[in-house]
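Given below, in the form of structure tokens, are the structures.
In the two complexes that follow, chain A is the common piece, with chain B as its partner first and chain C second.
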Partner chain A sequence: MNLEFMQGALPLYASALLLTLRISLLGIVLSLVLGLLCSLVLYQRERERSRALWGLGKLVCVYIEFSRNTPLLIQLFFLYYALPKLGLMLSNEECAVIGLTFLGGGYMAESFRSGLEGVSRVQFELGLSIGLKPLQLVRFVIFPQALALAVPALGANCIFLIKETSVVSIVALPDLMSVAKELIGMYYNTLEALFLLVLCYLLLLVPVSFLLTLLERKLRYAEFGI
Partner chain B sequence: MRGLTERLYKAGILLQLLAFVLGLAFTQAAFAAEPGSLAAIKAAGKIRIAVFADKPPFGYLDESGKNVGFDLVIARRVVKDLFGREDAVEWVLLEPANRVEYLEANKVDIVFANFTVTKARAEKVDFALPYMKVALGVVSPDRNVIRDIKDLRGKKLIVIKGTTAETYFAEKHPEVELLKFDEISEAFQALTDGRGAGLSNDNTFLFAWANTNKGYTVGVPSLGSLDTIAPAVRKGNKELLAWLNGEIRNLGKEKFIHKAYAEALAPYYGNSVDPEDLVIEGGEFR
Partner chain C sequence: MPNSGFEVLLSVNNLRRLAVGLGGTLEIALISVAIGLALGIFYGLLLTSKNRLVYGLCRLYLEAFRIVPVLVWLFLFFFGSAIVLGVNVEGFFVSVAVFSLWGCAEMGDLVRGTVTAIPLHQWQSAEALGLDKWQVLRFVIIPQALRKITPPAVNLVTRMVKTTPLVVFVGVTEVLRVGKQIIEFNMMKNPLASFWIYGFIFMVYFLICWPVSRFSKKLEERWAF
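Up next, the complex of A and B:
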């Protein structure tokens, strides 16, 4: 292995790592928000039988199926190459974040929903019976339990989204994958470039995975007994 | 006791990682040493040649999905002279950044994909005699023509990864902001969407593109040094290289590259390009 080449390439990888991190973070936060909103719509639809909610719920279902059953690569292609034909020009970073949010939102919604549905009905009745208002009921009884149930799935989604960023080079963003390909194309040190790429992803994902385990333990104290 | 098992387990994981990395290094070495000898190619009954699918008129697919273009006319003749028939070939389609890798990983025997000879590339692959001359150019929209590199200040220039244009701008003009794409077709799509002020690539290619796409001009017709384009084989594959060089010299005797020009390039260029500015016969480049 050519260590000198690897040393020279490190700054490029570092800036690419930051870019990957930035897009991932934005994508994860936005998809968490979007996913939570979608899951609340679906959840409330089960309880209130209003026409407006029913329509909104249908829309959310269509969105979830759509986002989970199309590859990110295709979504990015659409955002970057097809939308300009309709007169909407998004920058490459906007495309990446919107694409990740669109994809992640569907997955996050399903995870939140499974968490919410896992909270037993008795908990509502108990909460109401001790005089909690609806908002208090959600804040102190339902949400902590639902989150504890959903957090492993949400964590897996976060890692999934970070890994999915490896296709954003399709919209000409200099992310990790893109830098590796570029170096291979210019200097042909395939082994070194790919080795650094794997290393960077490990560097990014192992701490995230570790933090998620900690978070899981913290949120699921009832089960872990800490 | 638990601590010890855990530590042993961790050491095991580290060892596995190390073995994986070493394994990678050795496989690479093994591939590089393996020759795709002429005898082996003949025994297989076909030769694997890498070409472009999206670089008209040099290597592209026609309406029926057939590989055609200037590179293909020459490559087909090479196959015919090797096997006695034109169809003893497997066309492998690739993107520019993969050309060296495909040879190194033994995925193809020859790269015939408008491959500019450069020093960095010559360290990794063996180039045969050249058949074409080339320099870089910049194409841009008529309403805002880029006539000089200075015009690019504060604007984005589109390039394709793994091309000489990318290396040239990265090394000689780092002040120009580059927008880099993997595929040739994606890069031109981005240019027509107005994502960059211009696109840089081989001037020969850009002239042909601007001729068939209205509203675009090659405002910078020649940039950087005059280079050559040649087929390439895996590093150290001397037998195939010697045969290919002999073949290119023979083709020069019958002015075959001019014939290939007339067949594949003349319809694109018309009278706008002098064939002598582009064609190299018998590998003789002055």
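Up next, the complex of A and C:
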């Protein structure tokens, strides 16, 4: 392996890693928000039979099915190449973040929903009977348990989303994949370029998966009383 | 609709070309599904091994494919094959190899989960009834395992179908590339072509994956214990 070459390539990889990190972070946070909102709509629809909520719930269901059943690559192509023709111009970084959020929102919604469903309905009645207001009930009883139940699935989604960012070079972002590809194309230092590529992804993903395992272990308390 | 651009889908034989492109991706997906799932069953049984070394090696393989993105594996095999084998392997074969290995890893983990989830007392009670080992497997264990594993395995198939568009990165001519060619050809007279073509591809993927994942969900509900 050519160490000198690798030293020269390091800054390129570092900035690409930062880009991947930034896009993943934004995408994860936004898809958590979107997923939570969607799951709350679906959850509320179960207990309150209003027409507006029913329509909104239907819309959420359609969105979830679309986001879960199409590849991110195709979503990005549509966002980046098709929407500008309709007059909606997005920068490439916006495209990547929106695409990731569109994809992640559906997955996060499902995870949140299964968490909420895991908290039994009796707890509602119990909470009300000891005099909690609905908001307090959600804040102190339902949500902590639902969140703890959902954490393993949410964590898996986070890893999944970080891995999915590997396709963003398709919207002309200089991410890790495109840096590696360029270096291979320009200098033929295939071995070094691939080595650094794998190293960067391991640096990114191993700590994240380790932290998520720790978090899961800390939140085991929710397994009581189901 | 005057010049909405929709005609681009119907004109000449564009639809057929897109279908051929899509067929290429699906071919890779289906071959890899067949190889991956078949190998995954054996690999999953290896994962339940009590031998430390066997388990360790199997675990390493699983984690490697879990942690590193599939696209990186495609790059590793595509560019790495030239170094290791000294020849350029075609994108098609690289894709089949990577997706099969990935599918095998994921399937193996499902099999491991299913096998370990069947409680020991099922074996013991079946033996107590006087069934021999083969009968226990045939009438007690395998039927339960099949029911448990079918919904997630079907889900894995949709995941593999959804991941195969990545082959565009290793130079396989597939639906996105064909779409791009059609759009570039129609650039001047039909500026909205890209909207229709990419919208069409998006919908096709949805229509392939959605029924399959619904089927998996239905099975899961019907076979819930």
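Just so it is clear, the second predicted complex is superposed on the first by the 220 of 226 C-alpha atoms of A that agree within 3 Å, B and C clash if a C-alpha of one lies under 4 Å from a C-alpha of the other, contacts with A are read in each partner's own complex, and residues count from 1 in each chain.
Simple rule for what comes next: a contact is a pair of C-beta atoms (placed from the backbone, for glycine too) under 8 Å apart; a residue touches a chain by one contact, two chains touch by 3 or more.
Since the model is a prediction, treat every value here as computed from it, not as a measurement.
Asker: Considering only the touch criterion stated at the top, classify A:Lys181 as touching first (chain B), second (chain C), both, or neither.
Answerer: both
Asker: Please determine whether it is chain B or chain C that touches the greater number of chain A residues.
Answerer: Result: the larger residue contact count on chain A belongs to C.
Asker: Is A:Phe78 contacted by the first partner chain B, the second partner chain C, both or neither?
Answerer: Touch status of A:Phe78: second partner only.
Asker: Check the residue A:Lys163 against both partner chains and state whether it touches chain B (first), chain C (second), both, or neither.
Answerer: Touch partner of A:Lys163: chain C, not chain B.
Asker: Regarding the shared-chain residue A:Ala172, is it in contact with chain B (first), chain C (second), both, or neither?
Answerer: A:Ala172 sits against chain B, while chain C stays out of touch.
Asker: Which partner does A:Met89 contact after superposing on A: first (chain B), second (chain C), both, neither?
Answerer: After superposing on A, A:Met89 lies in contact with chain B but is clear of chain C.
Asker: With the two complexes superposed on chain A, say which partner A:Leu197 touches: chain B (first), chain C (second), both, or neither.
Answerer: second
Asker: Figure out whether A:Leu3 sits in contact with chain B (first) or chain C (second), or with both, or with neither.
Answerer: Neither partner.
Asker: With the touch criterion stated at the top, can you tell me which chain A residues are shared between the chain B interface and the chain C interface?
Answerer: Dual-contact residues (chain A): 81, 181, 184, 190-191.
Asker: Chain C touches which residues of chain A in the complex?
Answerer: 65-66, 68-71, 73-75, 77-78, 81-83, 85-86, 163-164, 166-167, 177, 180-181, 184, 190-191, 193-194, 197-198, 201-202, 205-206, 209
Asker: For the complex, which residues does chain A have touching chain B?
Answerer: By the definition above, chain A touches chain B via 1, 81, 84, 89, 92, 169-170, 172, 174, 178, 181-182, 184-188, 190-191, 195.
Asker: Any idea which chain C residues touch chain A in the complex?
Answerer: For this pair, the touching residues of chain C are 67-72, 75-76, 79-80, 82-83, 158, 162-163, 165-166, 168-169, 176, 179, 183, 191-192, 194-195, 197-199, 201-202, 205-206, 209-210, 213.
Asker: Okay, in this complex, where on chain B does chain A touch?
Answerer: 21, 24-25, 28, 96-98, 100-101, 104, 120-121, 123-124, 161-163, 166-167, 170, 179-182, 186, 189-190, 193-195
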